[in-house]
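The same subunit A turns up in both complexes below, where it pairs with subunit B and then with subunit C.
What follows is the complex of A and B.
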């Protein structure tokens, strides 16, 4: 066994120890009155938000895009860097406050409470489940590729081990699920990525020398227009590339749930600062490493392995072990969180809500377990036989989630006239238009990205249908009242808001 | 919820007593509500207000908010239910806001005096926000869902979870302080939690030009 594998094993045991320790501490502490899990501060909120959405894609997809398209890939990075801030600024505070007033525990439940109809959940839950599966698939492939690189075992076996470990984590109590370990994973991801970047720049003789060497391969790779130059630019695709990770991010139910766990709405402002800091340090790194990989490893068979292969080449063995262990743990932790969320959607949002209202807790947990095992088995079969490119999988699922949910989430918090038919029309139009656009190959024909089409369709859908059905489907009075309460965030002096307990908003008497 | 109680229907779990409280017969479906005493005094609530608006003249009075209280017992065991995890059993008090339907885990057991159910209902009617009507099954479901989410966060899917209702929903009146007042710059109304002194700004208006 090589030194990298030893580091990997030691690292997993250490993380397991932290998980068990925090679980033990966690059960000793009382939850306290009115906590309901909403206790996260700005740093943990921001880093959880980032780490739960980036691991697999950043280590495989981003490097691959950069290796094949050069600096054109930074269009995606630009969206990524701004995505966290946009999400926290537009949705953060309002979603935190509204979800508490409406009494929502999950982001799908929040949509159903804001747009009170069972059809909202019936439509939103399968879309979310479908897209989350693709995101989990990306983590599986990343985990398999990473293990293959570190241990040297064939991809099929490495994938099997990675999926097995992820499922094991999902089933084992406490472990890696607590916010502290998510926070630690994000820090390790950051340190690992920056370490690889520094090693890479040293290996190519510095930034300028590296760029000169890339320019000798193909000068167009140094431009933002792609390897074929400005003449081949499709502006619709570029706009889609920026949109997909900037506003598309706001449509991810598994990311938006972080807003609801904030200690208080004002955490969003500080969290957006942390998110920006993290993004500026972390996001450009895999893209730059991917571009420089063209110089260090010009004959790489699989561009997806650019970041892993460069790390293996430029770092000393012990550093490769530490960095790869951190990266693998981050990938597995993300996959584990997503699988757990899929299980919850299947048991709570679908089975219990629509089929078996009196599902016992034991049955509910078994539905979650079977869902997790089923998704893991299907994911393994897809990933082992004909693994799709991670970047494509993640961009596709983000596109569909963004097109389906962004206008619905934004209107939920900002527009009092957004009603049930409008939300249903928006989710359906966004999903169908983006999927059809992608599958019918209309991107190449029209030069317009499915994200752009999907967002336009779902935005027009919610506006037109909501306005047309105001009389037949008015927004319920208690929802309007909750939105009015949410509007109060602005004018109150900051010193008075400090330490405010928003749960009390739902206890204000009529004569106040 | 109001309909089901008024009709004298048995809320889920009736017949099992929440600890520390008694049930008496009246028009509240055979139940009385429990009125909790505030932990925070009027003077402390006034102090909270004056920390926000120094030098303010204030008017303070107690207001009650209707909650449902239910007690759930949680046990976790091995994946096939053969062995119980050590120290896994716990009893959890859940308060469900009767107006919003939102459940909260309480780290204390509500105590207080029994009051007429009519008072609980009047308190619900006096709330500012129109609310969807909950029935006892909704209350139990909200409580179970919250407890399940809390337990799954820590034990995840590897353990069996069983949640049993120890005591069905019972009305509770939670005390708060409504404090109004003004200083030279602002006039405001603040709701101060009667249990933990946290606050919520209900209304703020600027009284001076600057």
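What follows is the complex of A and C.
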């Protein structure tokens, strides 16, 4: 067994250990399992938010984009760097406070409480579940590929091991396990990625020398306009690239749940500094490594393996082991967050809401765990038989999530006139427009990214429909009162707290 | 600079600089958020027995303004 494999085994055991530890404190009730008892401070909040949204894309997709498109690929990084602070500053404090006033435990439930109608959850939950499944599928593939490369184990078995470890510790401790493993994994990811970057720049004789060597292959690779130069630039695609990982974050239910799990609303403030610091150090690195791979490994068959292959080439064996643990950390931290979110949607947002209203906390936790297991099994079968490209799957699923949910989450916290018909129109228009745009091949024809068109449609939808239906579907008084309270900086008055105000405590309408 | 065209340098350093400035401004403008930390005691925040769970026995008084 090589040294890289030993490092990975130690890493897997350490992560499972964290899962076992959180088992004691994370599963006492639904709030414990789903939100970690709303106990997380700024560092864990920020790094969990970042690592759960970075994913295997950063090590496979980002490297691949950089290897094929040069510095053009950094448009994605430019948006990504600000994604954390944007999310925390716009949604963080308000979503934490409003979700507490409304008594929401999941990010989809929060939407139904803010826009009180069963149709909100009936529409939001399947869209989120569908996109999250594809997103988690991409993480499985990335994990399997990474393990295959490091250990030499055939892809099918490597995939099985990766999925098994992810499920194991997600299964154990719920949100707290995911949050703390994500926190540790974010640090490992950062160390691993910076190490690869340093090794890469040393191998090419420094950044300037590396850029000059890339320029000799194709000078356009050094520009922000792509390998075919300025004449071929598509501004719509560039705007979409910046949007997908900046404001797009605010539409990802598995990321937004981080706000609800914060210890206090003001945690968002300190967390924003951690998020920006982490992003500045981490995000550009895989793109730069991918570009430099053109010099180090000019004949790479599979560009998705650029970062893996460069690490294997430029680093000593023991360092490759640590770096590979970092890479697996990125993949697994996103996968576990996604799996937990899927389980939450299935148990809380679908089963308990629509089928079994009297599920106990314990039963609900078990429904969540079984869903995790089921999705992992389906994901494994798809990933092992016909694995699609990681970057394509990630960008597509995150685009749809962003287009469907960004306006409803922002309006939920900021706009008192946003009502149920507006939210439904927004989610449907965002989803349909972005999916149709992508599947119909309109990106190439128009030069406009599906994220851009999806966000525009969903934003116009919520504004126009909400304003047009204010008289027929006014926002309930208790929601307006909760929003007014959220506007204020200060403790929540006792009469607004869940359990002490009937209207706020029981959000589900009688006849819903 | 760094063997890159000027526009590339401007973009890859300029946009991150904007995000850093955004973060600093946000942290400055939100300095009064600590006023919200008075609520500290979690048991007072999360409803009955500090669970934060909705009591299923409580029925709503307010109908929704939506489609349900």
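Convention: the second predicted complex is superposed on the first by the 439 of 512 C-alpha atoms of A that agree within 3 Å, B and C clash if a C-alpha of one lies under 4 Å from a C-alpha of the other, contacts with A are read in each partner's own complex, and residues count from 1 in each chain.
Definition applied: contacts are C-beta pairs under 8 Å (C-beta built on N, C-alpha and C of every residue); 3 or more make two chains touch, one makes a residue touch a chain.
Please read all numbers here as calculations on a predicted model, not as lab measurements.
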item	value
First (subunit B), second (subunit C), both or neither touched by A:87	neither
Which of subunit B and subunit C A:120 touches, first, second, both or neither	second
First (subunit B), second (subunit C), both or neither touched by A:434	neither
First, second, both or neither for A:482, with subunit B first and subunit C second	first
Touched partner set for A:170, first subunit B, second subunit C, both or neither	first
Dominant toucher of subunit A (residue count), subunit B or subunit C	C
Subunit B versus subunit C as contact partner of A:100, first or second or both or neither	both
Partner chain(s) touched by A:224 [first = subunit B, second = subunit C, both, neither]	second
First, second, both or neither for A:398, with subunit B first and subunit C second	neither
Touched partner set for A:424, first subunit B, second subunit C, both or neither	second
Subunit A residues contacted in one complex by subunit B, in the other by subunit C	30-31, 35, 37, 100, 103, 105, 116, 361, 476-478, 491-492, 497, 499-500, 502-503, 505-512
For the subunit A and subunit C complex, residues of the former touching the latter	29-31, 35, 37-39, 71, 74, 78, 81-82, 85-86, 89, 93, 97, 100, 103, 105, 115-120, 207-212, 215, 222-224, 263-266, 268-269, 272-273, 276, 279-280, 284, 357-358, 361, 419-421, 424, 473-479, 489-492, 494, 497-500, 502-503, 505-512
Contact set on subunit A toward subunit B in their complex	23, 26-27, 30-37, 100-103, 105, 116, 170-175, 177-178, 340, 343-344, 348, 361-362, 364-365, 368-369, 372, 476-478, 481-482, 485, 488, 491-493, 495-497, 499-512
Complex interface listing, subunit C residues touching subunit A	2-5, 7-8, 11-12, 15-16, 18-20, 22-23, 26-27, 30-40, 42, 44-48, 51-56, 58-68
Subunit A-facing residues of subunit B, complex	52-53, 63, 65, 76, 79, 81, 87, 95, 97, 99-108, 126-132, 142, 144-146, 148-150, 152-163, 174, 176, 178, 186, 188-189, 191, 193, 195-196, 198-204
